[in-house]
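You will see two complexes here that share chain A, one where it goes with chain B and one where it goes with chain C.
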Partner chain A sequence: MAGEEFFLGEKRFKQCCEDFVKHSQQIGDGWEWRTSKDLGDGYLSKTHFQVRNRHIPPDLKEKNNDNTEQMLFAHVEEPSDDSQAAGACSTEEVVRYEYHVLYSSSYQVPVLYFRACFLDGRPLTLDEIWGSVHASYQARLQEGPWDTITQQEHPILGQPFFVLHPCRTTEFISAVLGGSQQHHRNTNYITLWLSTVGPVVGLNLPLSYARLAPEQSTAVADRALS
Partner chain B sequence: MTDDKDVLRDVWFGRIPTCFTLYQDEITEREAEPYYLLLPRISYLTLVTDKVKKHFQKVMRQEEVSEIWFEYEGTPLKWHYPIGLLFDLHASNTALPWSITVHFKNFPEKDLLHCHSKDVIEAHFMACIKEADALKHKSQVINEMQKKDHKQLWMGLQNDKFEQFWAINRKLMEYPPEDNGFRYIPFRIYQATTERPFIQKLFRPIASGGQLHTLGDLLKDVCPSAITPKDGEQKTQVMIHGIEPMLETPIQWLSEHMSYPDNFLHISIIPRPTD
Partner chain C sequence: MAEPGERPPPAAPHGGGRSDGAEEAQEGGAPAGPAEPGPPPAGSPGSEEPAGDARKKIDVLLKAVGDTPIMRTKKWAVERTRTIQGLVEFIKKFLKLMASEQLFIYVNQSFAPSPDQEVGTLYECFGSDGKLVLHYCKTQAWG
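Right, the complex of A and B next:
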């Protein structure tokens, strides 16, 4: 129903994260919850490695394992040229990605923070990050790079991270949750949101997350309305 | 009240006398003289130090120069924090001029954001303004503005044009007549001693009974250690724009009159000097 906006209260955010982590543990997807020592807030965290071939953009149709094996390496499609394949597997093209999901009380939505570095410790630059955004999103990125991915200070750790801007989150979440598809209302908010924004920056969710049971509290409670 | 408008001007035109010295390990072709500058409290280091950069680059070889960064007593200075906040937080109880060290090498990747162009500063500034309006007005005011209004806010800051800036910013300081203030107050509380860079929470300016919340109420709610005296002695100062506002000040008034151009109240909790 257009007009009704679906915000995520902080309590519900924590509950969704808890359920999300439980499922991640079941399938070995590597997500964990980290609590800050001083104020008791926290965030989701996951680290993984990707082989990045600069000349051929990573393909979204990665072979994501929907099984219990721990996924450490995302596969990329084999390039058609074998000589390029040899170059693609050199160590300097392996990138370590660290993803954090934090809660924004200002926008009342989750926000995706991430940082990336090569194995020798060299961090990726903003240009390299923009260059690695999936081809489907490149047009949108060119249109407004500063509205999309920028470098910002992590609000809990105080270190530089890249951030996917939260401004548009409520718009598209409302579009999904407000639609006639009833079953979406029972989907974990984090699953819904992360499965949409994650792929922009190389983060994919195994399909089994979609079968996450709804949270204990009703979907109606904690919906902040105007 | 004309007095209140004076506060807006005093905040805008605040300056900090600063002495910039080149880091001793930077390789120079001749000796680098220190450079003195009055820094605007409300602006950002990388926005107002073009002359500093030019001055030191004159004595260096081209190949030795990469991205400039600033440090105070070993602490890299975050350019994305307003200058006044950096000074209050790190150096307010030390003798003037503020002594900042200039670096062109070994950029501290783990501490500082990069700032390769003015576009980065503009994007950061506008993102702060948008977040502040999300808190104050659910983004209604900022979203109703045209792109040229957004540009005017940035140009006003960049060119130090008080009237140009406030012609647009006053709209961000309004609220519906039936309310007595903003929905939530945009604020951040900083303490140099914590790993967490700042505390930011939802806080309403008006209590359910209609009374105005004060600065003291905010601190009690969000950072009680700042105002609870240990052993009956107040060990800390609560500082905004170089002064200690009375804790009884309504937070709505502070938000309207003592926010930085990014529309946030940046509040420092610092050790009280013992002299």
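Right, the complex of A and C next:
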């Protein structure tokens, strides 16, 4: 049904988050629901650590440590082609990512906020964040980085977070859910949405979330949707 | 499906636009390739499989959702180690989409496997009747 849009009400957002967290607890995936006692709002939260490889071009090895660190920031967003350069070495770096899922009543969609810092506490810059977007999304990112990921104040915590822009969420959700009412009911909106946008910013959901909806064999789904 | 640098496509591909190694499965439902037993249906007991099985292809049925163009050929035999990202690039090439246009793939029409997920694993988890049904959607996901 072209043009039919599927919006997420806040009540359903909370229900989907609750189901999502239950499954996360079953598989030890680390998501939790946090509430803000002042505002009464809640959001999903998860922290995890990622190891990133940094490639250091050989001519920088002779410079002192401070300069090397400066140059590392400048090079981190480039593709790893320079690993082939003679004498290039790479160092591993651990980055702590914190992901939050909040509800936007103006867009009627969930929104993904996140922040990232190195183990010494230094936050990643916007350039570094853009540079670490998964390779399969780089072409789209480079067409419009400013409408992909920018920095905004977290609506509940009031601290600067990166946010993945939510303006097209309803569009892709509606396209995937299609016109089947039963499919709407049986699909966890958060699972569908987060599995789509999470990988853009380093967040991958384990496959077992795919079974979050009530069991539905592919054969049944085929017949229902053909 | 071949990516840059991989082995050349099989001889005599059918039609244009598919010279990158994907095999077209017959629409009747029989898997393409030599007559050997097809992959076991999902859920069958984990029997001992020879190492060569890892190279067997799985049948994938691609279905369009939303306003996405429909592929003329929907059934493909895909290597188990092909990733979602590889499959996305293949479909985009087949549909002649630009690099910056986005395409997403879903299992159970409700979950997007991550780009590095292998289709072989997806087949084991979500395949039935000897095939893996995947829905694909051309859409923007942010902005």
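A few points about this structure:
We adopt the following convention: the second predicted complex is superposed on the first by the 167 of 226 C-alpha atoms of A that agree within 3 Å, B and C clash if a C-alpha of one lies under 4 Å from a C-alpha of the other, contacts with A are read in each partner's own complex, and residues count from 1 in each chain.
By definition in this document, a contact is a pair of C-beta atoms (placed from the backbone, for glycine too) under 8 Å apart; a residue touches a chain by one contact, two chains touch by 3 or more.
Since this is a predicted model, take the numbers as computed values, not measurements.
Aligning the two structures on chain A places chain B and chain C next to each other without any clash.
Of the two partner chains placed by superposition, A:L119 touches none, neither chain B nor chain C.
Number of chain A residues touched is higher for C, counting chain B against chain C. Once chain A of one complex is fitted onto chain A of the other, the partner contacts of A:L164 are limited to chain C, with no touch recorded for chain B. In the overlay built on the shared chain, the residue A:V197 is in contact with chain C alone; chain B does not reach it. Once the two complexes are laid over each other on the shared chain, residue contacts for A:A210 go to chain C alone; chain B is not touched. Of all C-alpha pairs linking chain B and chain C after the chain A fit, the shortest spans 10 Å. In the superposition on chain A, the residues of chain A contacted by chain B and by chain C overlap at 165, 167.
Residue ranges on chain A touching chain B, taken from their complex, read 36, 38-39, 105-107, 123, 125-126, 146, 150-160, 165, 167, 226. Of all residues in chain B, only 78, 80, 109-114, 119-120, 122-124, 127, 130-131, 134-135, 138, 186, 194-202 touch chain A in the complex they form.
The part of chain A that touches chain C in the complex is made up of residues 2, 134-137, 139-140, 142-144, 147-148, 164-169, 171-172, 174-178, 183, 186-188, 191-192, 195-200, 204-205, 207, 209-210, 212-213, 216-219, 221-222, 225.
Chain contact summary for the complex, chain C toward chain A: residues 63, 65-68, 85, 88-89, 99-102, 104, 106-117, 121-122, 125-129, 133, 135, 137, 139-143.
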